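Two complexes come next, and they have one chain in common, chain A, joined by chain B in the first and chain C in the second.
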Partner chain A sequence: MSARSRTADDPSAVATRRPARRRSIAVVATAIPLAMVISVLAFANPAGPGDPASRSPAAKPDKALVAQGAYLARMGDCTACHTAPGGKPFAGGLAIESPFGAIYSTNITPDKATGIGNYTRDEFAAALRKGIRADGKRLYPAMPYPAYASISDHDIDALYAYFMHGVAPVHHQPQQTDLGFPFNQRWTLMFWDWMFAGTPRSAPAPDGHDAVARGRYLVQGLGHCGSCHTPRGLAFQSKALDDGDPAFLSGAELNGWLAPSLRGKRTSSEATAGDGLGGWSHEDIVNYLATGRNAHAAVAGEMKSVVEHSTSHLNDADLNAIAAYLKTLPSHRAKPDQVGSNSSDARDTTQRLTKATDLSHGGRLYLDNCGACHFADGRGAKTVFPVLDGNSLINADNPTGLIHVILAGAQLPSTPGAPESLMMPGFAWRLNDQDVATLATFLRQAWGNKASKVTARQVADVRKKLGPDDMHGNGPDDPYPGLQMHADAEDD
Partner chain B sequence: MVMKKKPVDVVIIGLGWSGSLMGMEMTDAGLDVLALERGNDRTKKDFLYPKPADELKYGVRLSLMQEPRTDGVTMRRNTQENALPQRHWTTFHPGTGVGGCGAHWTGVLYRATPTELTMKSFAEKTFPQGFLPEDMQLQDHGVTYEELEPHYDFFEKIAGLSGQAGNLKGEKIKGGNPFEGPRQNPFPLPPLPRTLTDTLFTEATESLGYHPYPYPSANASQSWTNPYGMQLGPCNFCGFCSNYGCLNYSKASPQTCVLDALKQRQNFSYRTNSDVRRINKSADGKTVTGVTYIDGDGNEVFQPAKMVFLCSFTLSNVRLLLLSDIGKPYDPATGTGVVGRNFTYQITGSADLYFKHHQFNPFINAGGSGQVIDDFAPDAFDTQKHGFIGGSYIYTTQGPGGAINGIRVSPDTPAWGSAWKRQAAAEYGHHMMIGTTGSNMAYRDCYLDLDPTYRDPHGDPLLRMTYDWHDNDMRMTEFMGDRIRDIVKKLGPDYHTTSFHQVGDHFDPSKYQSTHLTGGAVMGTDPNTSVVNRYLQHWDAHNLFVIGATNFPQNMMHNPTGTVGALTFWAAKKIRSDYLDNPGPLM
Partner chain C sequence: MSFPIKPDPGRRRFVGHSLLALTAVGLGSTGALAARLDTRPPALDRYQPVFFKADEWRFIKAAVDRLIPADDTGPGALEANVPVFLDLQLASDYGEAASWYMQGPFVPDAPSVFGYQLPYTPAELYRAAIAAIDAHCRKAHGDAFAALTTADQEHVLSSLENGDIQLPDTDRGPLPARSFFGFLLKNTKEGFLADPIYGGNKHMVGWKMLGFTGARASFREWVDQYDRPYPLGPVSLSGEISR
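Moving on to the complex of A and B:
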């Protein structure tokens, strides 16, 4: 059996610089139950702010500790949420859209008036690990403190040293979060925290000697991979914070995109797509995190920013530790989906496309728009053009990610290990909604792929939300301005 | 008022192949590097599928080229004629913008042979006194094949070169070019797949006892990650190479092979629409102090720099040296001076073969696909017997298949109307080409200088090209025409036409010839006959380096880009090992 492919998708909640964004669609559905839970608990058990933080003066700058903190801040990808588009680093102000309203990230530079310059080390630790601000108020769990609970004391020290001495203070008051009642009652979050937040760790962080232990520490903690890759429950809580539960990192949906399962310890020869990382070798995982690309896949969606700002800056030891740990997680499914294979289905599609006679409209659209790079066999080209046969973005239940990539295109981040920011063109200018639906349906049923049809209405919904910044390429310059060169979107 | 910018260590003029490669080398050495590019930025967004596949825009209107209006050249064939400016590019296509010619080139990447780098020594050894014309000005490059070999090797890895070695450490390998210099390593990638034209050519030339081999192609045959971490994807034979940016990350270019890696470096920056007008000299004239350019807003800007690399196109390099008054201009009357001396070109010719029973599908092609023989290289046979020095390679390549430039009809067909249409439809796809790319020796009366009449919008004189064919080179191409006729005879097409220059022909700038313009600022070991020394360092200003095909003392039959890349690394190595710690003349 050939190596299984995985895609271009991997979103993550924390890493984006867009001014506005949405969390998982699932959140919308849970908004009302969550509100009820919070309200009910709020009235049942009113209580004051959390533990008073012990006060201790800020430590003197220690160069090595500051540098270590800078590295850990990369690991945690703090900048993704705490830097607004065009804003100064860590000065906050990014709007994180939630069903309850926009949550604005805060200024975490050491400015005393608007940032965290007055935070003691223990107040800083409480914010990170318990979600409690210096003034005793609760943070919204858009801040991944349930995962950060497991950050070690030493790493907290390093992060504190960095944010106090390695980051330039910026005097900037970001817009205040102002959610409607009852969500503006931050104190009620204590119940949420009581039910769902993690237990702060006291043990030191594992060093590199035990790679799996080190990987577990990074993935569950600072890396907060579960924020996107672990499904969420009714109260928008991660269903699992650690690998004691098979739901941990078993995949979730984010803005309609699949944040795939990171489980599946099979080897590439046994695994099939839909089995998380089963088809990826240890090295594939390392390459993907370091460069956004590997023999099977190219990063797209929210994960692009994670690679660009966080994982591509990790050292080899940590990348290897993460890969080693992920390879220990068994698949969450007894029997993974059978999609993408060297089956007769795959050969049929390849032969039909190669022959190029009596093609379906979808096949024709594929050859005219996709075949140049991804080829008739849908295998693309190693490390440059992703494999489409068995691709998890294409086979995801929700086709939003696929439609988005067809319409807008995608671009790899330029990383130190792989500097080329390879770009796939967007086809929004060239294909109408029905064409994109036909093409997406073709892709989801070509070769060994098995996924549902896509409708023109679904394409129209995605197209509506695209802004100019999402687009990669807008077609040739119009040689005859004013003349209608191609039909507008048809009705579905 | 002239704006003055913060000094930098290095200014690079022109961000094409040599500029971007030198940028990598100098940033590696820890220097602050600034590249100034006259044209627009060109990023992968400009070359996104299917944008480049526009024959009218790029193949006919030549959108990636310089504008003759601002950067024209005047031409004449001898000193008795009045030079007139080219108002549309015809005979060659000089690029502009980031990537330069490296963005729109075809993708044939050759090494020079050991002989091609030492033509003067070869001639002295091979021909009797008096055999060569008196006005022929042959010179050695001053650098040998052995010295350049590791740099060719590295550049081929940067470019992800596809092909078949014919001489691996002295061992001849069947299927490769037995006449090439010894390679220390095989090609990074295997050759591109063969087309029907390749197969026919291979069979015919083998039956004639020749040694066909695949074109060394910088259109990648497979995925490739180069030493800079840059990536190429396999070529899909879309056919849009020469004059186009590659839409598939397959053709090696500064964009696909260098620039994203260079942009990662904090000590590199570049400015586009920055048109360098002068290289500034120090008071004593022994060094340069920086460059003066006009930025996109029309401001005149002085950019101080400790070192200047002149890495633009052949013609622009020579013109900027002349405008800056650096080095003595060449005077053909006395044979003295060096700037503009030994300007050379490329001698080409071709046959077109029509086969009723073959359908070639010429829209499926790649610039670097094809088969070649080097059996008529300058040192591969007895040229003296045929009355010339020099040689050509003979090759086939699929296509062209474009709707505008790819239509071939029999000579008796009307030039327009329904009869032409019928014939074009009937013959499309049934044609095959066989061509020659040949050497061009340097002559006393072929040179570049500043035009006395025509000026650019800034008031600076245009460059003037004084150039004509010479009998030696015409005898050479006549001979190649005969060799091609032998091959045509073997292949037996239904009809064929040929187009070869003959003795007595004059240079005709209205027809495309080649963009392999060479010389004018040549390298060498004698300051009386070269502009730069063998490390490409200007003889008169030790912190000025001039790089490009402009360094070739005469043109070789093999395409120039491989040697331009190798020379760039060769110069960089010497600069890094000897010059940076101890700036001064390297020779």
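Moving on to the complex of A and C:
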């Protein structure tokens, strides 16, 4: 477990990202009892204080270093968990509900009383790389410190400079996390850390001369991509922290949504469901990270916030480095599924929708609700309407993400490279549960797609959980507010 | 014919209400936001009109049945719930002329480019005209319009259309029969052909009669399918599907 649970409930926690919130609870739930068990076997000492080597607080700000730190904080997407909705930047207070009580993100501004203003550089480094905060207590493995273990000394210096001198101190004491026993025994996490966390390294960060090496450093470290895209084991630990293991970035599920595999080095030009980024070119990856859209896809779900707050702010060299690195990762599957638009299945669906004389109910629903933008061939339009044929969201084992998008719609983030915040409206007001299930099933089996059926009950479960913030685009206003048009409705 | 927007407090009030409504939607319960729209059409014989009184309701049902009767071509205005459409329209903004310029001077002889020239809102016009026509029918034919024979009803409607019947002035001015007939005919067609969300065109019967596809807006693949009849029935704004 590590990073997927990035709760950042400690003053020293730095980067986290929303995707993991709910997952993080499960992580904590599982990891702590595990650690408790181990603690019975081994007589243990609460973790000692951090490295006391340099205790002099941050001296004078170095402007260039602060600017580098600001950039790196973007890379780590620290704001995602450490800024509450409507709150001041990095002042914490985001509530994360858990079965054991709410966990609150903390203030990581340099305020001395309520933030991390008293942290030395080495205490700051220990929090990021080892998950140990200044008072010696363990962070909940919500912080992605297993990934951050590889952040270079120089980048730690830059981040430290930024959080000491580039972030405005905010005097704000977020609600304290107070989980009940045994979950409040943070010291037990040392066993989890011992088993699963990475060993801190302090090799210098590769510069831009070796793009693949630079990409590896960013993806495995500060970018902590594996937190969502690498599957987890029984203790919710990432099954792999680096590319020495084919499980690394091979895809995982997050709150019912697929965090697809980022592997799949191939040369074919077509996206292939279940085979990660095999169908994406280097440029496709760069465009997606920079703008949330490319020739195949449009960002939705938790990755939207990542693009909006983090990757769209990265420089071209780093985006290219990330893409270059990801394109070196071979598919994790011995024999990737051959699904995609060039199959005869794909042509069959397109022909049926084009002739429109022998349509299933699902096909009819597609034409009535989706066809105007995604078209009979399911190819959409580059950088505007995503391709549905071979789409990873549609082909995911768990249809939650697809159902969510049909019901609530989705909206692209506005990014510096592509400011248009294009929106797909939700269809919750227009389609009942059975229709959404029929439509989703059609999509999952149309063209070259191959995925299981969706039931009305699954749709009802997703619909129940939708809140106002989830919805994109309302249905038409009631033309007769206050008049009871349906009071005498027929029972048909 | 288009009507100028009236720049008076009424419009501002309308805008204000709209904003309030938007806010209400924004703060509304999540269940309502994610809920399927209720699109069940009412049964005409069980529908309780909100604008028309009982005798007016009888008049409207009889009149629209003459204007668009059910016949070999297909269902008529009653099957399409046109009276429900008229009732709801007259009870809401349209009936109150909420977005029209409704201050004088009213010049009935003005060219049509000057817009609507009667002092009555549509609701007021329907109410006054129906009463006057029923009075005329009682005098000329011995009963209210709804109770007359089909032939007599058609005769009365033709006379209204031609201006052969002179309705008595109200205390606000003339009550031109032709103007009322124009409203009634136009609104009846609208009720037959507007999206079912507005109460008429029940189960899209009007669209099916015409072969109109409704709210689909997806025809790119038909651009090069020459000489093939379009096979799909309509879909309504709220997602009702017909073969």
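We adopt the following convention: the second predicted complex is superposed on the first by the 419 of 492 C-alpha atoms of A that agree within 3 Å, B and C clash if a C-alpha of one lies under 4 Å from a C-alpha of the other, contacts with A are read in each partner's own complex, and residues count from 1 in each chain.
As a working rule, contacts are C-beta pairs under 8 Å (C-beta built on N, C-alpha and C of every residue); 3 or more make two chains touch, one makes a residue touch a chain.
None of the values given here were measured: they were computed from a predicted structure.
Chemist: Considering only the touch criterion stated at the top, classify A:S414 as touching first (chain B), second (chain C), both, or neither.
Modeler: first
Chemist: If we overlay the two complexes on their shared chain A, which of chain B and chain C does A:A372 touch? Say first, second, both or neither.
Modeler: Once the two structures are laid over each other on A, A:A372 reaches both partners.
Chemist: Quick one: classify A:T354 as touching chain B (first), chain C (second), both or neither.
Modeler: second
Chemist: If we overlay the two complexes on their shared chain A, which of chain B and chain C does A:D435 touch? Say first, second, both or neither.
Modeler: After superposition on chain A, A:D435 lies in contact with chain C alone.
Chemist: After the superposition on A, what does A:A134 contact: first (chain B), second (chain C), both or neither?
Modeler: Neither partner.
Chemist: Who wins on chain A residues touched, chain B or chain C?
Modeler: Higher number of touched chain A residues: C.
Chemist: In the overlay, answer first, second, both or neither for which of chain B and chain C A:G475 touches.
Modeler: A:G475 contacts both chain B and chain C.
Chemist: Give one of first, second, both or neither to describe whether A:L422 is in contact with chain B, with chain C, with both, or with none.
Modeler: Only chain B; A:L422 stays clear of chain C.
Chemist: Across the two complexes, what residues of chain A are contacted by chain B and by chain C?
Modeler: In the superposed arrangement, which is not itself an observed complex, chain A uses residues 371-372, 375, 475-477, 479 for both chain B and chain C.
Chemist: In the complex of these two chains, what residues of chain C are touching chain A?
Modeler: Against chain A, chain C makes touches at 21, 25-28, 30, 33-43, 46-48, 50, 84, 88, 91-92, 197-199, 216-218, 220-221, 225, 230-232, 235, 237-239, 241.
Chemist: In the complex of these two chains, what residues of chain A are touching chain C?
Modeler: Spelled out, the residues of chain A in touch with chain C are 353-357, 359, 364-365, 367-369, 371-372, 375-376, 407-408, 426-433, 435, 463, 466-468, 470-471, 474-477, 479-481, 483-490, 492.
Chemist: Within the complex, which stretch of chain B touches chain A?
Modeler: 44-45, 48-51, 54, 56-57, 222-223, 225, 228-234, 236, 238, 247-249, 256, 260-261, 263-264
Chemist: Taking the touch rule as given, give the residues of chain A at its contact with chain B in the complex, in rising order.
Modeler: 371-373, 375, 381-385, 409, 414, 416-423, 425, 472-473, 475-477, 479
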